[in-house]
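Step one of this worksheet: look at the structure below.
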Amino acid sequence: MIIVMKPGASKKETDHVIKTVEERGLKAVLLHGTERDVIACLGDKRDIAQDFWNAIPGVEKAMPILSPYKMASREVKPTPSQIRISKGFSFGGKKIGVIAGPCAVENKAQLLSIANSVKKSGAIALRGGAFKPRTSPYSFQGLEEEGLEYLAETREEVGLPVVTEVLSPEHVEMVGRYADILQIGTRNMGNFVLLKAVGEQPKPVILKRGMSATLDEFLLAAEYILSRGNTNVILCERGIRTFENHTRFTLSLSAVPQLKQLTHLPVIVDPSHGTGYRHLVNPMSKGAVAVGADGLLIEVHVDPEKAFVDGAQTITTDNFDTLMKELKPVAQAVGRDI
Amino acid sequence: MIIVMKPGASKKETDHVIKTVEERGLKAVLLHGTERDVIACLGDKRDIAQDFWNAIPGVEKAMPILSPYKMASREVKPTPSQIRISKGFSFGGKKIGVIAGPCAVENKAQLLSIANSVKKSGAIALRGGAFKPRTSPYSFQGLEEEGLEYLAETREEVGLPVVTEVLSPEHVEMVGRYADILQIGTRNMGNFVLLKAVGEQPKPVILKRGMSATLDEFLLAAEYILSRGNTNVILCERGIRTFENHTRFTLSLSAVPQLKQLTHLPVIVDPSHGTGYRHLVNPMSKGAVAVGADGLLIEVHVDPEKAFVDGAQTITTDNFDTLMKELKPVAQAVGRDI
Amino acid sequence: MIIVMKPGASKKETDHVIKTVEERGLKAVLLHGTERDVIACLGDKRDIAQDFWNAIPGVEKAMPILSPYKMASREVKPTPSQIRISKGFSFGGKKIGVIAGPCAVENKAQLLSIANSVKKSGAIALRGGAFKPRTSPYSFQGLEEEGLEYLAETREEVGLPVVTEVLSPEHVEMVGRYADILQIGTRNMGNFVLLKAVGEQPKPVILKRGMSATLDEFLLAAEYILSRGNTNVILCERGIRTFENHTRFTLSLSAVPQLKQLTHLPVIVDPSHGTGYRHLVNPMSKGAVAVGADGLLIEVHVDPEKAFVDGAQTITTDNFDTLMKELKPVAQAVGRDI
Amino acid sequence: MIIVMKPGASKKETDHVIKTVEERGLKAVLLHGTERDVIACLGDKRDIAQDFWNAIPGVEKAMPILSPYKMASREVKPTPSQIRISKGFSFGGKKIGVIAGPCAVENKAQLLSIANSVKKSGAIALRGGAFKPRTSPYSFQGLEEEGLEYLAETREEVGLPVVTEVLSPEHVEMVGRYADILQIGTRNMGNFVLLKAVGEQPKPVILKRGMSATLDEFLLAAEYILSRGNTNVILCERGIRTFENHTRFTLSLSAVPQLKQLTHLPVIVDPSHGTGYRHLVNPMSKGAVAVGADGLLIEVHVDPEKAFVDGAQTITTDNFDTLMKELKPVAQAVGRDI
């Protein structure tokens, strides 16, 4: 931590800051600058919030040197983590994994038909929402446990692990009984009670970036899960909120190589929610693979027009098959496979 | 809903859209434009997501005419709602209500001292967090039920109703037993399970705007609570996430007059979280009152430097007393009182 | 400047940074931290871009201590500047100045009628665009020199100083011949050639904040003008671009008290462009005065519906008269006058 | 245009809107909705600003159907434009063109050395700034005409066309004498006087997206150039301003496929400015090619640490050579070449 004193800070204020720093177990080095005093704090106390220092009289600003997360960082674990999701596939290796399926589970036949199709095209897991976080209370809220049952049955019949979202701590146990991978949605990245709950069970978690979260905040959300004992966290960039209006969100692909430098956790991309329009799913999937994503999460439906939710960003099973074929050479061009 | 067809849309596609519109119980009027066909849909079906229409082949975009919320709108209830929080005070009337207190409840003595002080200065309720949503898992997470007990005891001794945040559906009942007003924080505005839970109990709810929520999304979150039966919702602007870096968030004061035009619900402002710096709390409080806010939510501590949480944005009880004196003429200048 | 080395930086890299720091005339202090070395650079060299340091091998990040601007800062000039714009009025004193007029000069009669009206209501200057920066090449681009002539004639007849925008360095001399105050619009805040040009002439300049400029960038733009010799700069907050869609821009009122702490220059607010809607002009004007603005810039027309430009955000002369009456008690409530 | 009336709009107001629509040469169709009247305006009058309609009493909002630009649109010219920049290369064909060079021209030897190197690696043009738009007035402002001379000499010696930025209308003629392609920087995308000036000369123009411009605003800026007679416009995505802080800007790659659907003009990407960090240039270049960019603009220097400007985002000539080799298979994977 570097603490910058205000231009007119008194010696008494500066001494008080130094004393506080040392009381907290850090070493303080005072530097007299041209216009301001600066106190460098040596030692690793990233659990003391930056805000604490900012509150002390005479302090202009506190600037952290260390990242606020530990277990998620490359400094603590320099090699990439591999998160196993089935016998045949782990995220974080050479092979890029594509998870596909409908936004919402609607009925058994629909799910089975989509699952068979995406498996044939090369998907490594099936996605489908049973609990749906909807902006409007008047929109379809999901089939809930019935949807989870369809997912589990489909897994048995098709042989694909299933991914589904969990919305509430009280549902974690139930969802964990049916699903192979739990998903935390963008609106719940800051739902710390839920993060703790999924951190206390063993199934892998896909953690979506909050739509206005910085990468530090994103990795701290992962840290909530890791610090409770579950190290199987897969990060997912899904678009951030900006002034842009040609897409529903701005898919920030630079987050992928940056995250892969900061953390050992795998990073996947959701081009469906990240753009909101199906004509952008194909090019942005290619872009995601080219920048180094470990996987993709794509909304696919046999008949998007009939989808209960998110039809505008859902591609057909045929389009998905084409996309998978087109992604292969892109993956190979960057030394990966799919 | 206005549906704009793509320039090259076929007659078959247009006919299919018209048929779909009519199947949904709306009247379709086809307009042949210079370069595009446009289908105006007459009738009130705001429960059909805009997204549904966007998914139909040949459609370029669907543009809603009606707001997506109903119960929260001025059209349904043209007169301002008054939300009673104690014998002596309701939000939404001529008198502006200021809620003050520490970010987190730390111990009984601290809370009592702050409560007595802010009451004397004119606060109408006491705030204090018992469950704290913290960005880092290593930060203080609140005293939980012990904190709620201190709040309830302080209410008895001081005579101020208490406001505290609830983080999880499973805590709603417990928090409701101790608190007079439940607060939903910015990170939980999109936690729809929690919104439903507070909608099913009778205590007033302060709903903070999500830091990247549009006003439509904000009012739809309120609609989740209203539609479950709890009509005592107070909206709170608390800063949005933008590129600005001189503050932690950008306090969007124009949201206040705009919300008051769209909805009958009272609107308050949190200048502490909305700026992140204590030197901005005084001017932004005045600004909030001047633009028409019905109340303020301010972090106050006897010794901000010793506060466990958010010290940098917390003002002292002395500063608060001064602020209340300075706010009075501003309130009167806009035809209100405080 | 604080230079943070990468975790694995070699001694050779660290030595090279220290040598570079010292070659640039700064004193280097090396601090061995727990996980990283940090080099504190003592001395005032704010003309060396932060970017320069970031480019050196082994450097993780460079963090500036000093603000990048000098002449605009309170440290260089602690007392507020007063910018005189007429015999009767200077910006930066106790009295708040309101500049009013049409977005574009349309004809002499229109201008004269508006000028007489706003003067009577208490405006201290008349605004009106002769060169209009329009998003579309097909929109009205302004009357150019003819418009300037109308402005100058109106000044003579009504006795109000006139403010008008200059779009290009080659027009600075001509606009300066007619106008009393030159305005630099939001789209030209980063037009450094134009900033230099208005810095080399003596008339006061209203510098509008770029719609995506940080306060540092805004003050550096002012510094371009100041450093060329013209110290008569008035800063204007006019809304920033964010994800919000209920307004055309988000008027960031917290910029006002923050700027007034950082700089001695007066700060005014444009609630017309800052919101884009006339129903928000009245409340946001009051908010601007309450947070400490030194003035307002408001679009007024006798018949907004007939205005060539920006009708939706323009208020009538009657509304303006009411607004001025309503602003007076707000100004007095915060120790100012209007 | 679709005009939505306010809920309580009177018949007189509605009739007045219809009359105004018809006076402007459009056909008005009145639709009585459940809660509001809607007036559909048929005909192509995109030169009437949306704002005009919003200003009429009783109007709630006006929603445009047609895009505000014409010449830049695919509707006017459905096939992709090819912009020739040398005997051997045109932007907009199968081959992706990479422009490389230093941020600023520093001296002849440096430029020659970089030019020879990037040509060998496969660059199709040399970039280099002679007039530099710098945030701070104390930063290096470029060699101006001397820099242009070095660029022209280097072109003769190396055989690469040269790209350089023009900052001011009065320099357009001079820059055009030396350079093969003129660049308009992000800060000047809304400098309409400059856009008109480059629209009246024949050299190709690289138009960078304003850092907070929507795609409509970006294409309208192109329209300024096209409508003055110069149809050789190349669009460049260079990062937008968002809340993200791990990069200097957020490179919005979804703008590429979206622009290519809206316009016939070629679209290139600047991953150097778009991220601000050299370690992101390689992955984001691959991402840009994968999403369909027609070219790249990359900052390259023999010794980035010694670069006068933007060292932190500049890659070495060696890194550039590697990048070009790595881009080839990515280009081929999406059916292009490089």
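For clarity, chains are labelled A, B, C and D in written order, and residue numbers in each chain start from 1.
Throughout what follows, a residue touches a chain if its C-beta (ideal position, glycine included) is under 8 Å from a C-beta of that chain, and two chains touch if they have at least 3 such contacts.
The structure presented is a predicted model; accordingly, all values stated were derived computationally and were not measured.
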| item | value |
| --- | --- |
| Relative to chain D, chain with the most remote C-alpha centre | B |
| Same vs different contact residues, chain C with chain D, by half of numbers used | same |
| Interface with more contacting C-beta pairs, comparing A-D to B-D | A-D |
| Centroid spacing, where centroids are CA-atom means, of chain A and chain D in whole angstrom | 31 |
| Rounded Å distance between chain C and chain D, as computed from the means of their C-alpha atoms | 26 |
| Separation of mean Cα positions, chain D and chain B [Å, integer] | 39 |
| Numbers and ranges of chain C residues touching at least 2 other chains | 212, 241-243 |
| Contacting residues of chain A [partner chain B, same complex] | 46-47, 49, 51-52, 54-57, 68-69, 133-139, 141, 167-170, 187-188, 190-194, 196, 211-212, 217, 220, 223-224, 227-228, 241, 304-305, 307, 309-314 |
| Of chain B, residues touching chain C in the complex | 212, 214-215, 240, 242-247, 250-258, 261, 274-275, 279-280, 283-284, 286-292, 326, 329-330, 332-334 |
| Partner chain A, residues of chain C touching it in the complex | 2, 4, 7, 29, 31-36, 38, 40, 42-44, 63, 65-66, 75, 241-243 |
